[in-house]
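Heads up, there are several structures right after this.
Below, chain A partners chain B and then partners chain C, in two separate complexes.
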Partner chain A sequence: MDVFFNQAFTGLSTASILLLVALGLAIIYGAMGVINLAHGEFVMLGAYAAWFLQSFLGIGLFLGLPLVFVFVALLGLAIERGLVRWLYHRPLDTILATWGVGIVLQQLVRMIAGPDSRYVERPAMLDGNLRIADVYMSNYRIFLLFFSVAVLVATWYLMTRTEFGTKLRAVIQNREISECYGIRTERVYALTFAYGAGLAGIAGALITPLASVTPGMGTNLVVDAFLVVIVGGVGSLLGTAAASGLVGEATALFSFLLNDTIGRVAVLMAIIVLIRFWPQGLFADRIRR
Partner chain B sequence: MKRRNFLKGVAAAGAAGAAGFPGIWIKGEGMAHAANGEIPVGVLFSLTGPVAVVESTLHDACMLAIEEINANGGVNGMKLRPYVEDPASDPATFADRVRRLVIRDKCVSVFGSYTSASRQAVLPVVEQRNNLYWYPTLYEGRECSRNVMYGGAVPNQQQQEFVPWLAEKFGKRFYLIGNNYVYPREENNVCKILLDRLGGEVANEEYVPLGHSDFGSAINRIRREEPDVIFCTLVGDSDVAFQRQLHAAGFDPGEMPVASLTRSEIEVKAMGGEAAAGNFSSAPYFMAHQSAANERFVEAYLKRYGSDQVTHFVSEAAYFQVYQFKAAVEQLARSDIDPISIRDAAVGLRTTAPQGEIEIDPNLHTHLWPKIGQWQSDGQARVLVESDKRVAPEPYWAYDGQSCTAEGLVKG
Partner chain C sequence: MLEAQALYSYYGKSPIVQDVSFTVPEGSFVSVLGRNGVGKTTLLRTVMGLTDGISGRLSFRGEDLGRLPTHERARRGIGYIPQGREVIPRFSVRENIVMGTYTRRDGRRDLPGHILELFPVLREFLDRRGGDLSGGQQQQLAIARALAMDPRVLLLDEPTEGIQPNIVHEIEQVLLRLNREFGITVVLVDQNIPFARRASDHFIVLDKGRVAVAGHGEELTDEVAERYLTF
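On to the complex of A and B.
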């Protein structure tokens, strides 16, 4: 029985990482319709920012989080203002443009910070395991789980309970009419993009203790993030959360029954089948556009 | 202008031309690879792309050796002229660039590659042009090209002392985990044969995709199987992620150590010495190895590239292979410098490398000094066991009736 619980926790932990990475994308892609292939690089920049803060300024992972958020958000803002905003009416071209941005960012980091993988220390207070009977739960993974839920709630609150969120949803539904009502849609888009980028940065900083920090680390993550957003249903935060849970647990289940390689294949197959029957994802967007 | 002066002028110009462009007049000199007192060599390591993490350090080590040799008067009075290309971590680009180095730049040898994929992409080109490729990485064996100088360890050199040592110290139940490609599978084949001879058993054999970074499930399986040793052939980022997660999950290396064939100072630096401490690696070279040659190498490397850098078992080979090349070329007359003569001169040569005195086998692999290191929290390995003799390379160790010889692969 403990095997089952261990594995269920592993799935939850995978899910929380997926959720952190995908949440920013869910906003940028889901809400704004921008297919942002540079999302993985935002995550990578977050990780590098955490590394920089820790090794050069001595600022620990937790204290550095707000700084990382601001840094990556500002960068996202610059990219939105400089590039993406010209492409809102050409959504397919954003694929190419953001892909290019991703390559440029990767190579810039490789040139500035060097190509070797970097080390970021885990906060000492989260060392060790919580052990219940024979179920082992790493403290850091537990923290990630709660943190990702907190970020989800905060984002949900921002989107549904604040003036900014109301404006954003209005802009998503009908940009022209919103403008007629005096909403500065450009500003709403720019801030939303920056927020999504900032979330990606936080995700990057938080996965550093579990993985290695390299310029190419975002490439795999962006694929997972898109999977989650598409399975969950474009534009639905709840869908993103549910899909993270589903993909995480399915990965844990399949990789336990089979192995990690075939488990990954099985998850992808399952997603293809799912998309075949629910093309809109699990939580279809009911907004009329 | 008077006619006499004109004739003088023509004669002088002709003489100057003959002196300035000997290639036109003296047959053979222009055809030889080593023209103008320079020996052209290719340096083909990725400086961009994902593999640059490791290959840029190989580039650095190789260039350091070339600079040292040139600063000390070159080879028989000739300087090495490095032609540097960046194959950008892409095997197809490797093939393209090696063609350029061999044909356009007339290199007599090319130093390059970290991954097996890039070596195999280069192989058809160097074999067709009959050139010489110096490959510094440990690899899975089962290859016997007459145009590649293999400077790294093959499975028998890494394992034939390591596996029995682990079995005796910790037990005979191994959990094999590696990335899903040819290298881990071949290494695990060898490991299984060795375990079989010792009466050991394999608790599980598991492969994860390259770049895989979530080891929650694998760690749960390891916890359930309770093996004596985790035998690890994960590479790069996967190895870093695995060890960090294993450490975070509270595994004690004193009871269940990770024994790796691929973990070097680079990976340990990225995972943090704390996470790696107490686990083992088998390699012919560790940065902390004590020898006069290694002290010189490490000091020169850190001085040139920064004190936060590390040397490791592949960069050591990238470094000593240039010296092997030098020793081989020194045997040759200036007009004889071509890839095949260099290869033939290199066989049997002994040179002092940071790891010890090494020798090139007729099968073009290298006799090395395997060592077992235990990682410390400062990111360095303490060398616990040093082999008492050079170990011969047997790239077909696991395949009965096949061996790699001076005539290439012999079967039966």
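On to the complex of A and C.
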């Protein structure tokens, strides 16, 4: 029984990381139809930013989070203004263009920071484990779980309860008419892209105590995040959350029952089957137009 | 207040509106008539800046519109109610109306009360989604949304197309009130000649992208209608 709960917690922990990484991707994809293949590199940059702040400026992970968010968000803004906005009417080309951006960012980091793995210490207050019966849960992973839910709630609030979010939802549904009612759609897009990038940065920073920081770390993460977005259904925050949970738990379960490699294959197979029957994802919004 | 001189408007390289000149005086009611495909919708879209490009002069209250982006034109007080209504389907009626206030310069976001008096049916459905309303209700919502911006001029593109007759009458009455009581200038694209005659001070008949006839309301004779408007 302990084994079961330990695995369940591992799955939940994986899910919380997936959610953090996927959320920004889901927003950018859902809002603008842009498949941002540089998302993984935004995550990686967030991780490096956290490492830089800690190793050179002595700024701890928590204190550094807002700085990381702003830094990656500004970078996202620059990429949106400089590149992505010219390609909104050519969605396929954005895939290629953002992939290129991703490669450039990866190589830049490799040149500047070197190819070695870097490590970031977790905040001392989150050292240790919480033990309930024979289930051990690392305090940091518990924190990540709550933090990712908090980010989800904050994003939901931003999208549904603020004027910016309302404008964004208007633009998603009808860009032209939004423009006719005084919404500066270009600005809404730019800020949304920046927000998504900033979230990726935060995700990267928070992963650092659990994974080594390398220039290529984003690539694996972004694949999983894409799976989550597709399974969840484009444009649904709830779907992204549910799919994170599902993919996280499934990964833990299959890895436990089989092994890591076969488990991964099994998860991918399951997703293929799922998409075969729910091509719109689990939480696609259905409404007559 | 709204003026065009030798206006051409393009989709790609094709000029859809060609050499059109007109003046819409403040407080007037102007009908734009013509058969399908003569450029009526394009003319309204040109005023909003939704075509690919223009040449000639287009001005609003003395200011050149040609360079202004669409959202700035809206902020100047031009309310556009497009063909097919285009309410936001997943927004509630309330959210749809509040969307109109985004153009307001005073920053107010409250639901103007007189709007719900004009369209009592919307008051009942405030929390229903725009996409779930009937066509006639959606049209009323689209007009309400434009009114929320406190517009100086309303551009309406076939607001009575495909709508049940009792609501058509209601919408026409509202348009007349808005013009006569509230002093809002109205530019109406419509196929309904009797209403155009009754309501408008001026009319413009388009044919193949050009102005075929223009004049005062009473000059919209049966002969004109026969020649340019019957199919």
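Note that the second predicted complex is superposed on the first by the 286 of 289 C-alpha atoms of A that agree within 3 Å, B and C clash if a C-alpha of one lies under 4 Å from a C-alpha of the other, contacts with A are read in each partner's own complex, and residues count from 1 in each chain.
Going forward, contacts are C-beta pairs under 8 Å (C-beta built on N, C-alpha and C of every residue); 3 or more make two chains touch, one makes a residue touch a chain.
Because the structure is a prediction, the values reported are computed rather than measured.
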Joint occupancy of chain A by chain B and chain C, clash or fit: fit
Where the C-alpha centre of chain A sits as vertex, the angle toward chain B and chain C in the overlay (nearest 10 degrees): 140
Larger contact residue set on chain A - chain B or chain C: B
Chain B versus chain C as contact partner of A:173, first or second or both or neither: second
Partner chain in contact with A:162 - chain B first, chain C second, else both or neither: neither
Which of chain B and chain C A:181 touches, first, second, both or neither: second
Minimum C-alpha spacing, chains overlaid - chain B and chain C, in Å: 39
On chain A, the residue positions that both chain B and chain C contact, one per complex: none
Chain C-touching residues of chain A, taken from the complex the two chains share: 163, 166-167, 169-170, 173-174, 176-185, 285, 287-289
Chain A to chain B touching residues, read off their complex: 3, 6-7, 9-11, 13-14, 17, 107, 110, 114-119, 121-122, 127-129, 136, 138, 140-141, 209-217, 220, 251-252, 255-256, 259-261, 263-264
Of all residues in chain C, those that touch chain A in their complex: 48, 50, 69-71, 74-75, 80, 82, 86, 88-91, 95, 98-100, 102-104, 109, 129, 131-132, 145, 149
In the complex, chain B residues that touch chain A: 47-50, 52-53, 56-57, 180, 206-209, 211-214, 216-221, 223-224, 236-237, 240-241, 244-245, 248-250, 266-267, 269-272
